[in-house]
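Okay, so chain A shows up in both of these, paired with chain B first and chain C after.
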Partner chain A sequence: MSLSGKVAIAGAFEHPTRWAPEKTELQIMAESARGALADCGLSLRDVDGLASAGISMGAMGIVQLAEYLNLKPRWLDGTNIGGSSFLAHVSHAAAAVHAGLCEVALILYGSTAASNALAIGTGLGGGGRDPAAAFVGPYGLTTVGSYALVARRHMERYGTRSEQLAEIAVTMRRHAALNPDAKMRRPITVADVLESRMISEPLHLLDCCIISDGGGALVVTRAARARELRKPPVMVLGCGEAVAHQELGAPDLLTIAARQSGAQALGMAGVAHADLDLCTVYDSFTITVLATLENLGFCKPGEGGSFVSGGRIGLGGELPVNPDGGGLSSNHPGMRGIFLAIEAVRQLRGECGPRQVEGARLALAHGTGGTLGVAHSGATLVLGRD
Partner chain B sequence: MPHKYASVEGVATFVHHAGRTTLPEVVPDLSRGEVVLCLHASGGNGAVFAELLQALAPDHSPLAIDFPGHGRSGGLDSLGSIEAMAGFAGAFLDKWGIARAVVLGHSMGGAVALRLALERPAAVRGLVLCASAPRFTGAAVPAVSRVVEGKDRRPFFRDAYSPKASPEVLRRGFLEDLKTDPRALLGDLLACRAFDAEADLARIAAPTLVVVGDAEEPAMRAGSERLAAGIRGATLCRVAAAGHMLPLEQPAALAGAVREFLGTLP
Partner chain C sequence: MAKEIRHPAPGADAETRPYWEGAARGELVLQRCRACGTLQHRPRALCVTCLSGEIEHFVASGRGHLYTFTVTHQNQAPGFREACPYVLAYVELEEGPRLLTNVVGCEPSELRIGLPVRAEFAATDGEFPVPVFRPA
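After this line comes the complex of A and B, so read on.
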């Protein structure tokens, strides 16, 4: 009965734009949809399922999106659990396709976060009506402030150093230099990160992701259908979702949602950590990567600092992470989950040119939604070649 | 102000204009008086000319563009050289079918206007060089480099305004600065530093008006004076209570001088 291997991602497209003041979010989504459908050789007429989430999408956003695209889907998913939403959409779409609720599901994201000057990291995390925001927000905790608390806690408990976090930013920039679409491509050093101005101690400017415009699209369908399409299918082998929250006032800042969703996805896929050829993880801040890799089980709690050092997570290393340059250097239009799946798909198809992970067969994508340190979500996918 | 996008050299280019709104790809009416193309300063955008465009609109067809990487135009970085910017401005004129225009440049925009007049004299009916110079010092390069490297906050250049500038003017200038990535500002400053037209001034044939504020910093003021002295027949207009951001600080005085200049064109 398991979903594993029954459903595939058949089309994927990352919008090349990083700055698009002349476009609306809906335009970016429509262009991305066209890109992903062309990628697999389908057309909008084939689409009967639609999923999306966005920062500025209202309660009926998915309905408005369907109207904009002139679509009449028979399956809809407007789940919004933050930046991880799109990985959750893939698992929801896989279940829907497997159950026959739809045949071809289109997952979309588009945003003009940069040209609208959205202050994502320095704004308050979460909505004003939930208890965390209502009781924490008035005291001034920002999104970056909460991640800084997680980083500080990791340093206090395990002796993790700023240099180790900086290695993550340096690695992402090195990857971005190989990605012609990346927003920030000039190489940086650990010293550059440590000398960049402090945003929220211990996180420096270069420990924080960039803000860009952009968007992307994924097409999910049955494995058998996907095999008949233009590109080699990428199988959905495992998926998992989770939340982590304040635990009635006694949270452990270092245990994040990835622990639960990652274990579920890997268990479902029947895959061990050592089998994975690459990983795409949410990198809103350098600490996000470190905490995620630990919680996914790539190393033990507290070992993250040394795990990310010495080139292990760089191209050519043991576990290349975010070969596209991630949100720290390539693109981060407010929510980044969809790009984690897109890059994993393109790597598994071997389409990535100079940043290709040689012979990649299995990849894990993990998205974080919301804010580490307060309530957040996690969604994990294990993807593999047919 | 009305505005629209034009695709120039593959970049979605934001155009401020004063005509009626038109459908995409349809050029607005440019038949009144002279076409006046305004080019902004380093790290700026065409919105600083809003009052000027409004004041000229009844009798003329004024336009301003945001260079790539600036304001509301596409692109992430500066074009990187004054030559490339002049080429871009020329490509915009071609795209909109404008055979001849009066070109008004503020600071870096003045350098671009000069370069355009040298490269394509037939396209430039007149020049207005506002708070500009034939050569720039590049004094801001080190400070902006530090911003781009992430080591400093983005500075607000208060010295670019007259001491008499009102808080509203400063606030508007600050908000316009924010529309452009500091990397594009740095690229502009480097382009300005590499620019030198001192030896070319005598070759400018277009009627020229040079406008400079009385609170302009000394090097730039001397540069404006050299422009007026070096370009045949150029007139120099001094504006009171204005620093380097003259178009924002004294738009009415600038508009008055420009209208008068347009009236003298043969």
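After this line comes the complex of A and C, so read on.
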């Protein structure tokens, strides 16, 4: 018996902060919990399931979070598969709620990545002690470098151009201008992206997501319960997870986890690509969006460059992507998966003001976690109005 | 190019030691399963295709070509910061597997996908060197 349509996201909250040196990460999570619970009219006492992941959370971080909130949940999920974790938490929570393991699951994220000056994209390089990392660490793999390896391969194989990748950054910035909470709102042009300094060829500074502080929260419960709450429920219609890695030494860098998780989520939801009104896609780098849209099946492999051009992924286009401005312009506190679900929920409720996708009924959220060309996870949700 | 990369030492354990000991001899060592014939890299104690423990090591040619690459202009990690811009790449070996590595000994502008390369070994902070590649 599928959980599709049986479980809903009842509450969602994005912390408005982008710079919070005076706050702790646990505080940002708790403030986000307050926001999401108020959003749906529940209280902390109603919460009996808890999920979270974080860059600075230790091995028992989920236990420490429960302690901070003085919660004694009967279902816990500390799954950490990188930035996509929170979309996986939604599907795990949906399964748990559907199976009766808990009734109200709270999913939290909070981070002070910016005010702690965390070098997320360009600070790796060691890791030599871990025997698996020994094949990566000595070579100075950075996060951005792993995505750049994919971008270069895509360009070679399909003739994709830097101008096409830049279109993605320009579109996200145009969306961010409509989002009062977005960190970067000044419009940019394709030329601005191409003239910004090179970080890891062919990716420029403006091909990379920003780093901010921030946090967010989601409340997941049974559809029937959600219908009694304050806001219109957003149904979990489909979900999927996947990993892609170096296999036995022959990575096909252009086939990413989204292919598997997306097909599962769409199949479970019984939804075709043409039915979707918008997408929220993890845009750690511009190439992430292009590779994700191809692998989700919105266009054929190699057609991503033209697909993202001509306004197709902008508001008013065929498939608006990240109306909030995404990680490239709105916020990126180290891990961004939770915001993909939050923006999808807000869009499906029609709460988005000038950046609203008119009449949005069905949305797909896809997160990528980790290092794209080396080892990464993918998690997809298909969400819809009741 | 700036300074050479100061490579952090690769961690070795029982499963990967033959690979790193090969590197110390100047040999690129790969694994093949005696039971099913599958090549695998990175090294493991058993074949993850058929789960046989009958693994043999052999010396690869060290020849291959550039599969993809990126010229890294920013990495804050010590040992790499001073070496920017440096070349991170996947090299496809003649034997099939692709290795994440660095390409040395050429200007970044000379790089192109498909460029023939050969292995050499670069010293690290530890006991074992690491394979890197140079245009053939």
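Worth pointing out:
In this section, the second predicted complex is superposed on the first by the 378 of 386 C-alpha atoms of A that agree within 3 Å, B and C clash if a C-alpha of one lies under 4 Å from a C-alpha of the other, contacts with A are read in each partner's own complex, and residues count from 1 in each chain.
Everything below uses one rule, namely that a residue touches a chain if its C-beta (ideal position, glycine included) is under 8 Å from a C-beta of that chain, and two chains touch if they have at least 3 such contacts.
As the structure is a prediction and not an experimental result, all values here were calculated from the model.
Of the two partner chains placed by the overlay, only chain B lies in contact with A:206; chain C stays clear of it. By the touch criterion defined above, A:21 reaches chain B but does not reach chain C.
With both structures placed on the common chain, the touch criterion links A:174 to neither chain B nor chain C. Using the contact criterion defined above for the overlaid structures, shared-chain residue A:115 touches chain B, although it does not reach chain C. In the superposed pair of complexes, A:183 makes contact with chain B only, with no contact to chain C. When both complexes are overlaid on chain A, the residue A:197 reaches chain B and chain C alike. A count of residues in chain A touched by chain B and by chain C gives the higher number to C.
Under the contact criterion defined above, the residues of chain A that touch both chain B in one complex and chain C in the other are 197. In the complex of the two chains, the chain A residues touching chain B come out as 17-22, 115, 117, 183, 192, 195-197, 204-206.
Put simply, chain B touches chain A in their complex at residues 5, 12, 14, 69, 72-76, 149-153, 178. On the side of chain A, the complex with chain C involves touching residues 119, 122-142, 144-145, 148-153, 156, 197-203, 246, 248-251, 253, 373-374. Of all residues in chain C, those touching chain A in their complex are 5, 7-13, 15-16, 20, 38-42, 48-49, 67-80, 83, 86, 88-90, 96-102, 108, 113, 124-126, 130, 132.
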